[in-house]
Structure formats: structure tokens, C-alpha cells
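Letters A, B, C and D mark the chains in the order given here, with residues in each chain numbered from 1 onward.
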Amino acid sequence: MSEDLDMETIGHFIQGQVQNSGTRYQTVFNPSTGAAHKQVALADHDTVDQAIAAATAAFPAWRDTPVIKRVRIMFKFKQLLEEHADKICELIGQEHGKISHDAMGELQRGIENVEYACAATEFLKGEFSKNVGPHIDSWSEFQPLGVVAGITPFNFPVMVPLWMFPMALVCGNCFILKPSERDPSSTLYIAQLLQQAGLPDGVFALVNGDKEAVDYLLHDPRIQAISFVGSTPIAEYIYQTATAAGKRCQALGGAKNHAIIMPDADLDNVVSSLLGAAFGSSGERCMALSVAVAVGDEIADQVIEKLQAEMQKLRYGAYHDADNDFGPVITQAHKDKVLGYIDSAEQQGAKIVVDGRQAQVAGFEAGFFVGPTLIDAVTAEMHSYRAEIFGPVLQIIRVDSMQDAMQLIDAHEYGNGTCIYTRDGEAARYFSTHIQVGMVGINIPLPVPVAYHSFGGWKRSLFGDLSAYGPDGARFYTRRKTITQRWPSANLRESKQFSMPTLN
Amino acid sequence: MSEDLDMETIGHFIQGQVQNSGTRYQTVFNPSTGAAHKQVALADHDTVDQAIAAATAAFPAWRDTPVIKRVRIMFKFKQLLEEHADKICELIGQEHGKISHDAMGELQRGIENVEYACAATEFLKGEFSKNVGPHIDSWSEFQPLGVVAGITPFNFPVMVPLWMFPMALVCGNCFILKPSERDPSSTLYIAQLLQQAGLPDGVFALVNGDKEAVDYLLHDPRIQAISFVGSTPIAEYIYQTATAAGKRCQALGGAKNHAIIMPDADLDNVVSSLLGAAFGSSGERCMALSVAVAVGDEIADQVIEKLQAEMQKLRYGAYHDADNDFGPVITQAHKDKVLGYIDSAEQQGAKIVVDGRQAQVAGFEAGFFVGPTLIDAVTAEMHSYRAEIFGPVLQIIRVDSMQDAMQLIDAHEYGNGTCIYTRDGEAARYFSTHIQVGMVGINIPLPVPVAYHSFGGWKRSLFGDLSAYGPDGARFYTRRKTITQRWPSANLRESKQFSMPTLN
Amino acid sequence: MSEDLDMETIGHFIQGQVQNSGTRYQTVFNPSTGAAHKQVALADHDTVDQAIAAATAAFPAWRDTPVIKRVRIMFKFKQLLEEHADKICELIGQEHGKISHDAMGELQRGIENVEYACAATEFLKGEFSKNVGPHIDSWSEFQPLGVVAGITPFNFPVMVPLWMFPMALVCGNCFILKPSERDPSSTLYIAQLLQQAGLPDGVFALVNGDKEAVDYLLHDPRIQAISFVGSTPIAEYIYQTATAAGKRCQALGGAKNHAIIMPDADLDNVVSSLLGAAFGSSGERCMALSVAVAVGDEIADQVIEKLQAEMQKLRYGAYHDADNDFGPVITQAHKDKVLGYIDSAEQQGAKIVVDGRQAQVAGFEAGFFVGPTLIDAVTAEMHSYRAEIFGPVLQIIRVDSMQDAMQLIDAHEYGNGTCIYTRDGEAARYFSTHIQVGMVGINIPLPVPVAYHSFGGWKRSLFGDLSAYGPDGARFYTRRKTITQRWPSANLRESKQFSMPTLN
Amino acid sequence: MSEDLDMETIGHFIQGQVQNSGTRYQTVFNPSTGAAHKQVALADHDTVDQAIAAATAAFPAWRDTPVIKRVRIMFKFKQLLEEHADKICELIGQEHGKISHDAMGELQRGIENVEYACAATEFLKGEFSKNVGPHIDSWSEFQPLGVVAGITPFNFPVMVPLWMFPMALVCGNCFILKPSERDPSSTLYIAQLLQQAGLPDGVFALVNGDKEAVDYLLHDPRIQAISFVGSTPIAEYIYQTATAAGKRCQALGGAKNHAIIMPDADLDNVVSSLLGAAFGSSGERCMALSVAVAVGDEIADQVIEKLQAEMQKLRYGAYHDADNDFGPVITQAHKDKVLGYIDSAEQQGAKIVVDGRQAQVAGFEAGFFVGPTLIDAVTAEMHSYRAEIFGPVLQIIRVDSMQDAMQLIDAHEYGNGTCIYTRDGEAARYFSTHIQVGMVGINIPLPVPVAYHSFGGWKRSLFGDLSAYGPDGARFYTRRKTITQRWPSANLRESKQFSMPTLN
């Protein structure tokens, strides 16, 4: 669409200025009301180019800025994020629909990445070796890449960007962020806080846009690396395009996260933690726990009974009511897709134990709500099992043994997160050692690694060598340089050497 | 060609057996005599498949073998490599042409990688964090990838494979090696020593072959990662194909390594060390020092004068004469190519100061010899400057300042190694900090990092995120898994949680 | 003395309360005016006991608090230190005498330690090893020691405490600080900010006192570790007493820091940086550069000439005038001692080139001022050379060679810091490699390591195994625990084992 | 005693020569037969001085030897230890009495430390920081201490020395070993293998001796550090004396290692593993499991019943019969002491379930044998519980809860090793987190850390800051040096600076 002058427009942030240089626009909805809310400018080539040019110009001075000075901007940024937490959560709520306590949780996990970035003086240390040969020293330095870009999804408009740019920036890179065009206001807001924290203009830019902007970033030779979080087909496209263009890339895709419930599990804990992990944020999390694999019918029946009872008490509704447990999904189209998965499960023989398809919220009839849904008797062949639903839908699969449960999980194309409920040390260790999944919880249904570890799925959940944020983030955003040094001495005369030199 | 039954055939090494299952063969020459020497079997699909199948079958037991047991095979392997050093060097000499002292240098650098692999208990340690939340611990494990492959070049038939498989194996992977088909005997020989060291059959296989075998490895879904060393066009092809197929890949390509000679350099050191770095191994090294950038005409004239004098004393000839400084190049075709570069330089206006084009070695008239060649007045536009010559040719470029020298180096498409000759601390630090090259020498013309650091060029000299061998090798051959663990307690009852959990 | 009710009394800080439970008092002077200014309560046994008891009670909850929560108090503490910087510097100035810009430098270096403490999630990670034997894992944890104490000197009433307690606290310890009784107000003030930052009461206490309090801390079995900074005789006493009582101890003592001036040094840099390093803070720094060793008379004469000229321009006076370069020394007694060293040098044959003994500051005639003093022709036998003067006195020693200069430095009992001025890479590397001094500067006269490295002298400048702050600080304030774990399996039956088990 | 010329004399090993310069001698027994077997020369001052002088002279060249060259001697040493394993075990057996399979276990654990020392290129890396300030770099180096000494106990004449000197040597130190005078032959033998591995003469010396030699080592100023393993009273003496003399010291003392047997423990595993852990090596191990704490009478009764049955099958006897499970204790005096502890337990009311006091081995009637002994109803007040028995005696304590068991363990003066038998994840985690013991096993009765972790008890089991071997070993045997470097530039002119410089 073209610009609607009566509607608030969300612009780009380039060279320290919010600007709106686009000619194409996209509507931003309030999912709680279903109303068209704002419009976002979609960057064309010129806008993206302007951001890259500014970053390229800012890079040399930023690269040579002492690490501690870069770090101190992050100290200040953390402080500003905390001071403006309410505003950030309100913006998230308006455009994403998540309830304020959930938005606060998202922000908090994001801030943890800023906190970790404050440790850059520690994690950027290179390795120094004395006397690798007579009078020869050698060391490594981890130098920034240059201008790098991040492309982030709608479901965490603040947290996922914060996985990326604080680490990239403290490592000495300049950063171009292309956030989701569905809920860009909170992202734009924190970009402005970053400037307020003292980041020099040009070092960071935010461009809103769609595939056109993304493709420009993927092909521009000044961009050294791409970080992406989204769905697997797009992740694969991003990864292949970026690497073919000679860029470093890490592209995080979809997930289907299973919990194994062992017969010795503490059922109250299981049910209580599953509710949050399955339905929190309407299931729109790449770490949402969407499949519970019960080992034995007895435990399955018990869990379902308890879940059913607890699910009656769940409250969903508009983002601004803090008593709600979760809010709407992101768009009407997405709501239709989620309902379609539930329909297909039913058609393929699964049993809809709790049905959220007829969800209605009084006063918010046009909101994109889906009620909490529990499906039993799911099998590995069902469409609803193969796909990532991204809705408040928990499916139960019944198996006879832990071994069967593990085979099921390993057979799925995704390998992001998984969890086992047990109190048995051996079961937990066997599971975590052998399961083909990158992030494993033991009695923890959402095993998102803390910011000082790294986030990465296996199989088709991550394309690239290095995980996101944490120690791997530092490695991703730097290039190793190795220096080998000998100082000539009057007493040190070498004979010429034609053999492969061995240094020692 | 098809098999010639009168000629010794070099086979594959699969499941602990040397075998020759191929139907296509390629001649292996003795470059010192020019004689067709042996033939090497070229693997077809079945042979490669057999190697991959064996490795896939061997993987689960190998992965679960305690690290120290894997490491002890490397301790034994080192011992066997040392005991059979003469045999290995003889095989290198016959097929590659390098002089025994140079082959010994190659082997020694290779053994250093085996030595580093013996430190796997140290470098495979994961990170453990206590109390990432109340009663919650989290840690990372670096698990092996599965079956991985290496594709290695003719110029270091022993060292480059040893950059790869010792690290891959101690990390718990199985390994398929596709060495160069030009000089495969020494590689096959060390594969047999590896078995003798106690490696279980199937864990390692060597398949000889050409593009057909390579493409099979690039596309087979059981192969998790590819390490490659060779020329840039092939490296780029390998990287794009492997990553598009969802594999991890590191592909090392070509180089054009410059030394800056500063006015305060110690000239005797410069000349002495340049001779070895430029002409050693006939310049067939990706770290060969092939361009000397003299800062100022005065130093240029002095260096040329001294080089000219020293080059008269250089001896080249057949591999078995240890008095030779260097041997032949690898093939007649390669010799022709090297001579072509010298011709073109001459045609484009450079000055051939010492001319190696008419090289003749008495008794070895059919050997592929090129004499040491020194070219002055080279410019950045010349074909001989843009390309990697891979022959005993040293080119001189004259510039007016260190800044000009650095711009020249940064403008070249390759960024493997570089060096500065100076005794000035500031010049050295400025150079090593800012030059866009991955491996930097200060008064060290061949700054190949020691085995406990990592090898990696910048720009189009390396495709991939992680460098070869050393700490980066360990990271390349493992996949991060993060476990987050809480044990249920009777006293620990959670309320259900719908917000993004923050753990603390 | 006993309490003077007309004078402001500086109390202790225990359980979150400032209190004055003492019966003995000591006067605190304003060194700029020479006036008795305040009095400080000296803790008796009961007061110290109360602090230890509170800390002991607070320990279990603090130890089990997730690291990130401890860290966040440091984030807040940094913010408060910055917000109240002017007040802190004013308090330092009143009681210590240092000029505001110098106090700000001290505070800034202190804050850097708080910043590093914010990286505790990173530096407290333990090492995790998978499969140290079949199905056996092993990892290390760095657990806090319990209640630990710090005893700090007058010359950095804010910075040196900040070397200690932020690290100790984030590691999970409780901390008792006994600051210098000469200038305790700024230290007390930051203790209150720490509470404001959210530290639970009891976790930290400050007790003012003298030897009585120190001895109580040294002998109380509840104190697990002692950190000390002061003079060498006291450091040695502290170390021997604490270790004999079974405590961990690091005790930093005196220094005599030499700079070697090589003939190729950049003289303007040398002179400019020597002025600050020798006379800044009136030389009352353990890293003060108090001896310049000139290699050759030519460079000696030039340096002296330039220093003499520059020293005329130096301004010293009361702490509140920011135009002053430095202020008074700490007490009249200390002033007398400094003057005594100058007298003795003169008597032993040295040449007083610039004489600061008659220093007078208009309007501050009773202040403890010593003017900048330069002494030539000093020899290793002189009393003024053997001792740490801790005043604004720079001594010149002339030697014939770098080797002589290094022997001189190595022969001194202290080995805290040292520096070389040169632009020669080899000289710098030879010096830093071989000199028996813990902190080495290359063209940096005050080589105080940044907060993410560690501070530690050699020889009699440090008693203990681990240096202060930085990575060593973390190690000092934690105790290693190693866990080895195997889970029993129905399939895993061991035969009894009588041999020393080897795990693999 | 003075030398008996009819008896084989065990000498010292200094400057690459076995020598016997002493005037005092001590008898070495064969504990299996009780016969006086050999005599060992006890070093006087001159002998110790000669060893120190040789080491001091050898130090500069050894310190400057590239790490990888030092490491290669360890590679060779490992090979020689393996080749001569039978000989080493025979020597251990003759003088210590342990059965060949146990001696082989000891040797193997020792070799693992040599293997870890081979990773020195990795663990000696310093930390390099770029741009700690504008154009300023800083890094740390871990330099060797100089000449260091080790004093080792009789119970592991090969393993404990191998905990120390391989690490000390690869770090660049020279080493003086004072092994136990009770069984010095195997130690002397491996010293000779070390020389054969290529260690330069003087770098390592072995001096046999008693308190006289020890005291000389403790006081000689040329000795920089002391590592000790033995009993707590001696450890404390060593630690206090060495630290008072300004040396670095780590002194490992006694132990009383408890296993908690939880009601859910796998009893067959418990019994099988307890037998080896309690009676292996006759209980003469500082990690011997000497107290089993049963939680509940039911499990206590079951364990005792099963232990009783299994203990009947245990075989003990002379070292050369590999069918024996364990051998004699070290001396007649020690046997008497062990029997005394059993007597006292009986007198204090404990119940001797299995009584080993009347042990007799046919054909070896004079051997120092004690049979396996099981004591029930032990209480915390009994003498046999407070002391380290160091004999084949297992005591049972009954408690009502895990909490009681943990309080018991924490109340003991020693805190070396401990273990819990359970399959419950929470119990294991709670135990390992909170118990005041340095080395914790989960279903592992002898949780000796592997060589790439570090060995260290808590409380009065270790005096010093750093644990033995592994990463802590490297830190113990090196001294941190921090270099801060800036190169002068014509463009870089500083204004003089009087404030505390902040570098950034």
C-alpha cells in the first residue's frame, strides 16, 4: 500500500534520525482489537543503501574504539531499557498482543543479553603463546567483521534483536537491523534508547522492510554477516543466499519441541509448567512446548485429566489486562492457519480434548484469539504434528518406552528444544546425551539457554556453524587473526631455510 | 584411463583394508624424472558409499568412547609417524618432488597437529554454570558431528590431512579423506599407521578420486561437514555446494602473500628468510612468500642485489638429493603455467632479474623443473601479480610508503598470509592491527600458526566461519548442546508461568 | 584518644547501619590545611565480632543467590558510583589531599573493577567433561569461600577496596572491609551506596580500626580469606599470620618502580609521561615511577634538562583547586620522612637537581606539602634508593647498558612495576620477557593492569599465589569443587575393583 | 643407621647420575615378607645443596626452551613409562606391597598426568587484550617460578610424584623430588626414565631423605615452591614453614571419606564398589572410602549382610600374586596402629562385624597383613572415627536422614572426598552442591578427579589456594606477568597527566 496520511507511520532509524523515505507501506494491526493501527514504511534500495553507507563510514572509528568504551554504552543501554520498560512493553502489547507480564519477561531476557555484552572485555580476549619457537611469540586477536545485519521475527520484537546487536556492537561491528514489519514500534523505540546511551550515529541503523530490503542486505558486498531468526524455509533461503554471496551467516528456523513425561515425573510440576510452556505467548515461541510425549497410557491419562482441569482456568484476552494468561495470535491469517491445523488433526483421527477454536473475548470480538487447545491421540504422520503450529495448541503422543519417545523426537526434522520430566538421574543423563536436539531441559520445559550460554537448535532448526548470542555470538561476530612475531637481533642470524619451517 | 596391470596401483583404505574397487585410474608421476610412476584408482559411487556406510556404522561406538581413549590412539599415532618418518618422506618425494629435508619439515608440522589433538581432554571441556536460576544448573557439551570428510591438495599430502583428521577423530567423529590424486601414496601410508595405532576399523577411510568422488561427498546426507584446502575457485564451489546441502563447511583457497620490507629492516635476515619462503618447495605452498613490497627504491635495490647474489647459489634438482634446496613442480602442465606467468610479466613490462625458465637438471632432463626467478618492477595490474603462481617466482613491487604497501595488500582478492620486516614496534603493531589478512608475520615470512593456534586466511582465501586446526578445528568438528537442569523437590512447587521465564 | 563530641565522628557500617560502638578514636586530618578534621571510631573486638556474625548469618542465602542476581547489584552500584562521583571525590580530597581530577581517576579505575565484576556469569564458569570414563561425567564448580576480609591503605581509599569486594561479593562471599583509618569517609560513603544498590544487609560490613581490629580478623576462624594492600613489612606479617591460621591470603606490599630510558626513546613522551608517573598523587602510589634509569649519559643529561624545565611549571596545592597538578602528602610525619630521604640522598653524594623541600603554598601554610624533587647521580647503595619514598621525588640512575639497567632492577627487593622507553621491538620483548617484575610497561610508565587482567608484583611486592582483581581475583575468592558422576543402570553391573581405578 | 655394605643401597639422582653421597641410611622393607630388603641413603645438606645448585644452573636454558620442546619430552616419557610398566610395578610391589593390578592402576593414573602435561601448549596460553586504551595492548604471560620441590608419600610412590613434576617441568621449572624413604625404588626408576626421555641433566633431581632434607628444602631461598602430599600435621608444618619463608606452597593432608547410602541406592553396585574403595590397596589411600553412612537401619542391615558375605571371598597376600585383592600394610608399626584403632572402636562400643586382626598369610607369616575389617555401630565420638586409619577397615554409621549424614560429614575436620549412592537427581545435586568436601562422587566411591581436572580437598585436607595437578597445577607452577604496551608515534603526543590514568 502507499502512505495513508491519517495513520501514524513507523519509520526507519538511520544516522541517528527517524526517517520515512519509503514509497511503500504496510499496515500494522493491533491483534487484540483486530484494528488497523499504524503503517510501517518499507525500505527501498536507497534507504537500505543509506544505512549501509552510514555504517560503513562509521566502522573504522568504531573498530578502533577501546572495547571498554563500547561496553560502557551497553551499561547505559541496560539502564535505559530498565527505566523505559513499561513503555517498551506497551508497544509490544499493542502490536504483538502479548500480555504485559509476558512482554516484561521478553524484555528481561533481552536485557540479559545486554548484560552479557558488558562482559566483552573478558570474552574478547585472544590467546597468547610465548616462545612458540626460539624468541618467537604468537597470539590471536578477534577482530570485528565490519558491517553486519540482523533480520528478526515478529514473535519477540525486542528480545531477538537484543540477541544480536549488543554482541555485534561490543565486538566492534556496525549493525543494520531489519525487524519484523508486523510489530516494529518497540524495536524502533529501543533503537532510539541505544542512541541515547551514547552510540555514535551510523554505527547502528534500523530499516523496516520486506523481502526487497532483505534481498538487498543479502547481496550487498559491504554486509559481512547475516543473523536471522524466523521459519525454516526462509532461514534456508537466507543461509544459502548469504553464504553463496560470501557472507558469514547464522539462520535460525522452526521448531517442534517435545517433552517426554516419564512415569516417575512429578505430575503437579509437569502440568503446571506445561501450561505456561505450551500456551504462554499463545504458543508463538520457537521454544514453545507443543508436544507432550507420555511414556505409558497411565501417565498420559493422568496428565490429560489434570491439564483439562487446569486449562479451564486459563484466561486469555487483550494485551493490557495483566490478569490474562495469554493474548491473541499475530494476525487473522495466522489464526486461520492455527485453526486449520486443529481441524486437520481432528480429521486425521486425533481427539480434541479441549477445543479453543470458538474463542471469543467480550469486547474484543474482532481480536485474533485462539483458545487453549489440547489434542490427544496424535501420531507422527499427522500434518499437525509435522508442522510448527505456533499457536496455543498442545498435542499428546502416547508411547510405550523412553526409547520410542526418543526415536520420535530424533525423527522430526526440527531439533531446537526438548525436555524430559523425571527424577531419575540416569534417564536424564541418557536423554540429554543422546537426543539429537540442541537445547535440552531436565524438568525445564523451555530450556532457553541463559545469555552467557548460546542458543542453537540442531537439524533443520539452525543453519550455520555457530549458535546465537553468548560465547558463540562473540565468535560469530569476529574474525580470527593470528600474529607470529620475532624481533631481529644482532646475534640472531639465520641460515636460509628451504624446508617447511617448524618454528621450534 | 583404465587400469594398467603392469603399473603399481594405489588403492583406497576402507574398513581397515586397502582395496581397489575402481574402474577408472589416473597416472601418478615422479616429477623429478617426469616418468609415469604409478596409477591411482579413482573411486566411483559404490566405493565412496562403502566408506560412508562403514563410517556411519562405526560412529555410535566411537562417539561414546571416552575422549582419553580416543586421544591415546593419537599418542600412539604420533609415535608411529616418527618411527616411519623416512618412509613417509620418501613417498612424498617420489610423487611430489620435494626434497627430504622439506618433506621432513612438512611431516613435522603435521605431527604437531597430532600432538595438539592429544590435548582434546582440555579443549573439549564445556562450560558449567551453577545456579543460573534457583536450583537450576546449565552447561554446554561439544558433541561430535557424525561422519565428516576432508579433501586435500597435492602440495602437502601429509600435513594438510593431518590438519584435519586427528582433530576430527579425537572430537568423536568418523572421517573420510579424499587426498590429492597426484601424490596419494604417503597419505595412504599414514592411514595405515593410524590403523596400527589402534583406530577401530570404519572410523577412518581414505578414498582416492576426482570430481566424481568429491561431488558424492558433497551431496550425501550422511556427511555432516566438509573441510577443504585447494584453489579459490574450487573452494568456493565446495563451500556453496556443501552449505546448500546443509553441511558445515570450511574451504581454504588461494593466496598471494606479500612481505613489506621497511627501510629499517635487517637486510641479511630479509634476504636469507625470503629465499626459503619464496623458493622452498618450489613455491608450491599456500603460504609461499611470492611478493616483496619494498618501501623506497634504496631498500629495493639493495634487496635485489643481495637476492641476485644468493640466488646463484641455490640448488634445485631431484627429491632424493638432500643437498638440493628445492625440487621440481608437480606436473609438466603446471610447469608450463608457471613459465607462462613469467612470460606475461615480461610482456607486461616487468624486468626478469633472475630467469629460471631455462632450468635443466643433469640426468633429470624430463623432470618438471623451474629455476628460481626474480622479477622486478611488477605492478598491481599485471597478470602475474593478480594470480597465485605456485612456482619458484618472487616478484618485487616498489612503493613509496608503508601506507601504499598496505593498500596494495588490502586490494588483493586474497588475504592468507603477510609479513613485515622492521625493528620498529609501532610499524609492526600498526601493520598487524590493520592489515586485512588472517595470518601476519612480524619478521617471520611464513607465519603459519603453530598447531595450537588456528590457520585461516581472510577475504577469498577462506570460505567459512572457523579456521582450520587448533582451537577453531575443535569447534568446527563439534556441535554445541546446552543442557538446563532442575530437579523436582517436594518443597519446590511452581505456580504456572505464562510469561517468558527468566530463570532468576 | 577518646571521643571528642565537638568533632564529626566516622563510624562503622554493619548490618546496613552506620554505627559508632567504639571507645577509642583517632583524628583524621585535612592534609591540605593540616587541620584536625574529624575523628574515626576504632573498632574493638565486639564491633568486629558483630560484623563477622552478621556476615556469617547472611552467607547461606547469599551463596545460593543466582550469580546474575548478585551481578545486578554491581550494575546498580556502578550507576550509583557514577552519579555520586563528585561527592566521593570531595571526600577523598578532604582526607587524602588528592586533586579532584586525580580522585576522579582513582574512582574511575575503581569503577572498572565493578564493571569487571559484572562479568561474573562468564568468569565463574566451571569446566565440564563428558565421558571421563564410560557413562561418567565430571565437572568443576567454583564455590565461594564464606566470609572474607580486606584491609586497605590510605593512598587509594576508594580504588583499592573496589579491587576487592565487588569480586568477592559476586563470587558469593560475604565481606568485611577494614579501610585505612587516615581517610575513611569516602570508603564509608561507597559502602552506603552499595547498600542502596540492593545488597542484603549483613553481606558487607565496614569496620574502622587499627591493629587491634586487624588482629581480630586475622585470627577469627570464621574469616576464610584476607586480602591486604599496604607496606611490605605489614604485608609479610599479615600473610604469615593469616596462613598460619589456615586462611587464604594475598598481601600486596611495597614497590620501587624503575623506568629504563633507552637511547632511542621518544624524549618528549618520556618527559611528559614521567612527570605524571613520578609526581602525580604526590608519588603516593604503589605504582609510582620513582627511579629513571638512563642508558648512557647523553640521554640522562637530555632528560634531566627537559624535566627540570617542565618541573618549574608544575603546580601543587590544596585538593579543591583543579588547576593543581598534585596535592599534599598524607601527614606531617610522612612529610618529614620524605624530606629525610631527600636529605640522606644529598648526604650520600647525590645531586639535588630540583629541590622540593622548602615547599610553601600560600594560604595553606600548615598543609603537608612537598615540592617536586629531582635527584641525579643516585646509586644503588643509597638509602633513598633502597626504600619506597612515597613522595614526589624522582631519582635518576645512570648506567651504561640495558643489561646493567636490568640487573639493577632485578637486584631490588621489590618487583611491582617497571617500564621501558624505546621504539625497538627487540629491546621491549627482551626486557618484558626477562625482567623479574610482575607488571611491565612498554612506553607506559604506570603499567597498572586493566580490571580484566590482574594486579600483582613479584619478589617482596606480593605474598601469595594469586594476584589481585581480574581473573585471579575470581580464583582467589572461590574454592574449587570437582564432581564425578555416574548414574547406576540396570544394565550396568560392575565387578568389584581393587586396583586403583582409572575411569577409562 | 649407617651404610650396610651387604645390602643394596638406593641412591639419589642428581645431574643425571645416580649417586650415594650420604652418611645416614634407612632400611627399606618388603612388607609382604617383613624382611629388611634394601637401604636408602638419606641426603645431608650437601647433597640437597648439590641438587638445588644443579637445578638453579639449569633453569635459564630450560625456561627459554620452547614449550613444545619441553612437552615432547613428556610424550617420550609416557612411552617409556608404558614400555617399562612391569618393572615399575614390580618395584612398587616389593617395597610398598600393593598387588600388581593395583600398582598398574596407580601407574596408569600417573601416566594420565603425563598425558595432561602434553597439553601444555594449550593450558599455558596467556590472555591477550587489544586496545585496552587507545593504541594500547595488554597481555598476560604465565612464567615458570624457578626451582621447585615436591615431597611425596609412601602410598603412591609413582602416582603422586607424577601429579607434580610433569606439570612443573612443562611449565618451565626445574624440580627437586624428595620421595618417601619407605619405598623409593620405583620413584628412582622413573627418574631415570625421565632422563632417557631427553630431559637435560640438572632440570630434575631426586633426593632421598628424611626431615633433615625436607627442612633444607623448606628454608633454602632458591626453592620457589613446595608441593607436599602426606598427613595433616606434617602438611600444616610444611605449609606454615614454607609460606613463612616466602615460598608458594600446596600441602595435601589427611582424609576421612564418607559414602552416604540412600534408601534408593542400587545395593549390588554399592557393595561391589565399596569393597574396592574400602579395602583396595589395604585402605592406604587418601581417597579410601572408610566410612559408610547408611540412611535408615533397613539399608544398613542389608548392606552389612551383603558386605559380610562378599568380604569372605576377599583374598589378601603377597604383592606378586595377582589373584590377591590386596596386600600388606607398609610397616609393622603401621599394622600395630591399625589394629589399635580396631581395638579402640571395640572398646568404645562399636561392633566388629568382620574382624581382620588375626590375619595370617601362609608362607608370609612375617608380612604386615591386616585382614578386611567391618565395624558397625560406629559413632562420631569414637577415636577410630576421628582419625584417618589408613588400613583395610570400613566403618558403618547409621543415621536417620540425608541431612544428618551431611552434618556428620561437614563436622569432620577433613574434607577430601565423599560420595553419595542414589538414583535420585535431586538428592545428588543437593549433596554435591552443599557438602563441605572438595571432591564429590555421585555413585562413584573414589572420586579422584581425572588428570585434566584438579585434585584438592577442603577444610584440613589441603593447605593452600590451588589444588594439585590439572589446570590448578599449571597455575601453581607459574607466576603471572602482565605487560601493557604502547608504541610511540610521531602523531601521538601526550599532554602530561597527573591524574590516575584510566587508559581509555
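To be clear about the criterion, contacts are C-beta pairs under 8 Å (C-beta built on N, C-alpha and C of every residue); 3 or more make two chains touch, one makes a residue touch a chain.
The structure presented is a predicted model; accordingly, all values stated were derived computationally and were not measured.
Chain centre most remote from that of chain B: C (centre = mean of CA atoms).
Across the two candidate interfaces, A-B and B-C, the one carrying more C-beta contacts is A-B. With each centre defined as the average position of its C-alpha atoms, the distance from chain B to chain C rounds to 49 Å. Computed from the mean C-alpha positions, the centre of chain A lies at a distance of 43 Å from the centre of chain C.
Centroids built from CA atoms put chain B at 36 Å from chain A.
Residue positions of chain C touching 2 or more other chains: 68, 112, 121, 125, 127, 129-130, 132-133, 139-141, 423-426, 428, 433, 442, 450, 452, 485, 487-488, 503. Residues of chain C that touch chain A in their complex: 68, 71-72, 75, 78-79, 112, 115-116, 118-119, 121-123, 125, 130, 135, 137, 424-426, 429, 433, 450-452, 485, 487-489.
Residues 99, 101-102, 104-106, 108-109, 112, 127, 129, 132-133, 136, 138, 140-141, 159, 236, 239-240, 243-244, 246, 248, 265-266, 268-269, 272-273, 275-276, 279-281, 285, 310, 325-326, 423, 428, 432-433, 437-444, 446-450, 452-456, 458, 460, 463-467, 471-472, 475-476, 479-488, 492-503 of chain B touch chain A in their complex. Per the touch definition, chain C reaches chain B in the complex via residues 64-69, 121, 124-134, 139-141, 143, 422-426, 428, 442, 503-504.
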